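In the two complexes that follow, subunit A is the common piece, with subunit B as its partner first and subunit C second.
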Partner chain A sequence: MKRPFSYKLNIFLFLLPALILFLGVLIAPIVMSFVYSLMDWNGLSTPTYIGFKNYVELFTSRSINISRALQNAMLLAVLSVCIQLPFALILALKLSQHIKGERWYLAIFFMPVLISSVVIGQLWIKVYNPEYGVLNALLRSLGLDSWTRIWLGDKNTAMGACLVPILWQYVGYHMLLMYAGIKGMPAELNEAAMLDGCTPAQVSWYIIIPYIRPILRVSVIFAVTGSLKSFDMIYVLTNGGPMHATELPSTLMINLLFLRNRYGMGSTIAVMLIVLCFVFALLINLAFKEEK
Partner chain B sequence: MDKEILPKRNQTGQRKRDSRAKGIPEVMQHRFRWTDVLAQIGLIVWAVICLFPVYWMFTFSLKTNNEIFGENVMGLPREWVWSNYTRALNVGHMGQYFLNSIIVTVVTIAITLIAAVMATYAITRLHWKGRKRMNKFFMLGLTIPIHAAIVPLYTTFSRIGMLNTRWALIISYSAFSLSMAILIATGFMGDIPYDLDEAAFLDGCGVWGIFFRVIAPLMMPAVSTVGIYTFLQSWNELMFATVFISKEAYKTLPVGIQSLSGQYTTEWGPIGAALALATLPTLIAYLFLSRQIQDSFIAGAVKG
Partner chain C sequence: MKKLLALAVAAMMLLSLVPAFAEETLTLWSIAVESDSSYQSFIDAIAAFEEAHPGVKIVHEPTQNEQYKTKIKAAMNAFSDLPDIFFTWGMSFLGDFVNAEPSRVLCLEDYYPAYEAELARNMCANASYDGKLYGVPYTMSMVVLFANMDLLAQAGWDHIPETYEDMQKCCDDLLAAGITPFGVSGKETWCLTEYLEPLMIKSVGTQKLIDIYEGRASWNDEGIIAAVDAFQDMVKKGYFDPNAAALGNDEVKNNFIAGKYAFYQNGSWNCGDISKSENAASFKAGLFPVLNPDNASLYELIGGPNNTLAVAVTTENPELAATAAFELGRAMSDADYKSGANLPCWAADPEAQVSDLVAQVVEIANNAVGMVLFGDNFLSADAANTYLDYVQQAYFLALNANEFAEGIDADMK
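Moving on, here comes the complex of A and B:
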């Protein structure tokens, strides 16, 4: 059937608002980010093209010290995958076994995901407060005065102190995804295994976990790329300090932009982050295919 | 796989009871009493850990410094100091931040919904070459982090004088919620039978008539899911907001709280009140819509 011109025009009109937003605010800026990353620009002067010099400087400069930011991000990623996800999986498995209060637990465990990281960060600042914080107060009351620390102000403890709330907040998110996956399984699978005399642990290991593999893949990708992009909580808790001990790529990017007016270098970090997220997502996808 | 995870809904938005049993059969539960008790203890401990910060926030938001700093750290407030809230609202500008957050969020939701439902209609109900490719193109947005756009958006907004406006946030939030909104809307629109379009067409409706009279009214369940998702994204967003907004008059809650806590480092009561005020709308929404909120997050991840 041949379509009249007005039909095509209508299609275009229906797409128009979404296209304007999408092209103008997502696609064009990404291209611009890449172009900026090849420029030396402080925001006021005319940008000068310097090729890949920003990239070279990024990875060699001691004052920017990207390696520490990347190390911190990778530490977060590794802990997410090795602690947060297994814990979320255990919770999801338990909750899906028709345990008493299932819906309540699910709702409570997921709640921290919904609360703003700024709010949670502010609360934890108060938990870690050296004089009045709950943590030091608890240690003192247990007679462990020597264990008290200036948690967020000491460069040896700051990163650890930041990791706890970040990892805690998103357990519920991964748990919810896995729980939904388990609930979507056909019951015959589990019934058959149980008739064959499998214990619940065996059912979990041999039937459920292989079945929800696609969700585990998504969870791992989210945990790793989320760690690379992580910003809010660290920005609130320490903003990269003390002495850059808790710097992440995102906080580094924002600080380069606004404290040093280095728009070119800021964009370089942004491009690096996009590439890293993409590469890691690809690698994780490959790893999950390999094992199949 | 995708379809299996999200339970199908009927048009009133409630789950259909599937005739096939799903999940783990009930028999499993009554086998091991002891492990069940242990599991319950473990779950309760984790629930307390999840609830404690919120409980602590609400209680210290109503206490005096003396109580917070030693006399009564964990307990319920002895004296309910509501003046913490009035101080946060009046002296701390929380009223202004709250209003800004509401305006930004509501307009963002409206723009996202209109743009997404219109685009979804063009992609799923109208026939044209390249609609599949267009859908894939929009889905690219699911994987793009906001870092990718923040520098050019900042420089462009500053050049055209849009820094320190609510529109800077509204436009950015709408664009970054769009892909997810289209994804969710596509799922819902697929459930509307095509016979309805045909019937309306035979009655003389054009594409716009079908859209406004048939599709849009039936998209209400999608509207709530998309709305909830967009609300949570923009209500809590920090990065764009810190970068684009530095004037008090346009700060949203996350940025506002940051500057408030800088001013009141020693008075915890008003800060607690500010945190509680910022969290309250989310918690109230969660109380009534916990299922839909959870579903909107699941919908986002399954395709991601």
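Moving on, here comes the complex of A and C:
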């Protein structure tokens, strides 16, 4: 009778440090954020309980305008799934075909992931500079002067201009995930398909892609939740401007927390982001499950 | 021999520890990074204080302006790891820390009398709360219209326009001569307020603007609407650099110094950089003309004592920290004045050699009949950001002057 109890106690004791870490680092901040989201608090005075007023204000205030931030985040998520991931998949399929210089290409495509977003942001600010930027210079040299723009300063072009470096930066990350999945496939699967007369395109479509579906699911989850949480590149490129045209929930949250001293409202956006990430992760899991 | 050597080394190590035990260390947080016009003044002021107070060491930790706001607010919020002395802006920025529960800032009222002869009480208004002093103001700044007289001459003007109508005529002449009248950063919204606020004060007058900021009068006011109308008129007529939306303030300032714009309206702290340029003789300091002479006059200005040093309540040595704040403030005031980085809050050295541009700005300040601090410093953090939002929308013509006044009035309530 004593052994099973002792066995369970051992399991509990061994899991306890991880549990404490999990509760302290992940669960406690979420709970605290939820508690603060019910408060009117400037970060310095005593918080006042106001129920769900912050949530009501978040979705009704013209000044905060969360709908614009959510629209931008959703646009980023859709483009990540529809452009970034297919591009990463094509690269992964091509590189896994034992092409010459495979490792070099892998390193080159993965390099933007290793470079700090601040550095990449600064590089793209130079590219988009209306006077000496490469983009406008290229357009002028092609005689397309009327196409030149103040790319990051015009509210009609700023979001598009920000999307390019954000999508470009993480292609290599998803490519590497998919490449690892493809390389982990048993070789006989491909060989059998080839012997049966499949073209390389058919092997990719009917054999490789279904096989790496768990990895594709992880990539989709990372791309969607990453888009919802996206912050650094937009912060460097436009800081949410001009006129909030590139505002994302996270930049709005920083603005409310540290510029407006509205810690209660900032926590409300944090809670909303956590809920959205969970919901989207569950929906994506469900979508991939149904396909099975 | 070896033993002797070992003993000597040990003795030297022990001796080197003595000053470390005797030394008192104070930490100072500021925004004076190397590119800041006050950087050298801080370094010199700290060196002078350390020399006058043997055994005291000041550890200076500068951070870029925008990041600094986040850093100091996060530290104040956590109420831990606060520096002994910190740079702050006056009015609402420092006020939030003073009025926190418990207050994060040491009251300096008891230490002030020793310096009263050099730092007048009226200079301390933006660092005083409920009549008590919580910060040491060291420099004051105000919005100045810097003009490139060479470019004005090319458009047929030998002086800065003195009436609003003349200013419009001058801008039209400049455009006709292929010269951009004004340089502004549309990327940094506070730079837009450097154009709108002088228009507002010269349309409604000093007291009315203070009443509006303090909530005693409505934003939905004819004078405010007229000011925003005039501001948007400047945008529509192409008086501002068409690339302004993508430019930061430093780029705009450099463009102005390089002769790209005829005017640059910004803080008086730019005097130092402009005076140091090769073509310094081309520049002159003036004021934007009056919009409504019935309500305002030329010398009603935007600005005031603002750059301040305060002492955190958590400091282990309040007396030393307070003394350091006052003495550093005095030294900074003098050094920034002489370098042209800012105007002094403390009694200035009458024999100080300053540039022509600084002398012109001092003359403007001496003629001031009213001053209102910069809107984003005057208003509380939340209100200031709402206000900046509306200013940005006005610049990008996303709303008209009436919508600006009605919208901001509703949101401020």
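By our rule, the second predicted complex is superposed on the first by the 265 of 292 C-alpha atoms of A that agree within 3 Å, B and C clash if a C-alpha of one lies under 4 Å from a C-alpha of the other, contacts with A are read in each partner's own complex, and residues count from 1 in each chain.
In this text, a contact is a pair of C-beta atoms (placed from the backbone, for glycine too) under 8 Å apart; a residue touches a chain by one contact, two chains touch by 3 or more.
Being a predicted model, the structure only gives us computed values, none of them experimental.
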| item | value |
| --- | --- |
| Room on subunit A for both subunit B and subunit C (clash or fit) | clash |
| Subunit B versus subunit C as contact partner of A:M243, first or second or both or neither | second |
| First (subunit B), second (subunit C), both or neither touched by A:N255 | second |
| Touching partner for A:S63 - first (subunit B), second (subunit C), both, neither | second |
| Partner chain(s) touched by A:G153 [first = subunit B, second = subunit C, both, neither] | second |
| Touched partner set for A:F22, first subunit B, second subunit C, both or neither | first |
| Of subunit C and subunit B, partner touching more subunit A residues | B |
| Touching partner for A:Y263 - first (subunit B), second (subunit C), both, neither | both |
| Touching partner for A:N190 - first (subunit B), second (subunit C), both, neither | first |
| Contacts of A:S45 with subunit B and subunit C, given as first, second, both or neither | second |
| Steric overlap of subunit C with subunit B in the superposed model, located at which of 5-13, 41-49, 77-85 or 221-229 | 77-85 |
| Overlap of the subunit B and subunit C footprints on subunit A, listed as residue numbers | 43, 131, 254, 258, 263 |
| Complex contacts: residues of subunit A adjacent to subunit B | 3, 7-8, 10-11, 14-15, 17-19, 21-22, 24-26, 28-30, 32-33, 36, 43, 91, 94-101, 104-120, 122-127, 131-132, 134, 137, 168, 172-173, 176-177, 180-188, 190-191, 194, 200, 203, 208, 214-215, 218-219, 221-222, 225, 229, 231-232, 235-236, 250, 253-254, 257-258, 263, 266-267, 269-271, 273-274, 277-278, 281 |
| For the subunit B and subunit A complex, residues of the former touching the latter | 1, 4-7, 20-29, 31-32, 36, 39-40, 42-43, 46-47, 49-51, 53-54, 56-57, 60, 68-70, 73-74, 111, 114-116, 118-119, 121-123, 126-128, 134, 137-138, 141, 143-145, 147-156, 158, 171-172, 174-176, 178-179, 182, 206-208, 211, 232, 235-236, 238-239, 242-243, 253-254, 257-258, 261, 268, 271, 275, 278-279, 282-283, 286, 290, 293-294, 297-298, 301-302, 304 |
| Contact set on subunit A toward subunit C in their complex | 42-46, 62-63, 128-131, 150-155, 241-244, 254-255, 258-263 |
| Subunit C residues within the subunit A interface of the complex | 69-70, 73-74, 76-77, 96-97, 99-101, 104, 186-187, 242-247, 380-382, 385-386, 389, 392-393, 396, 398, 407, 411 |
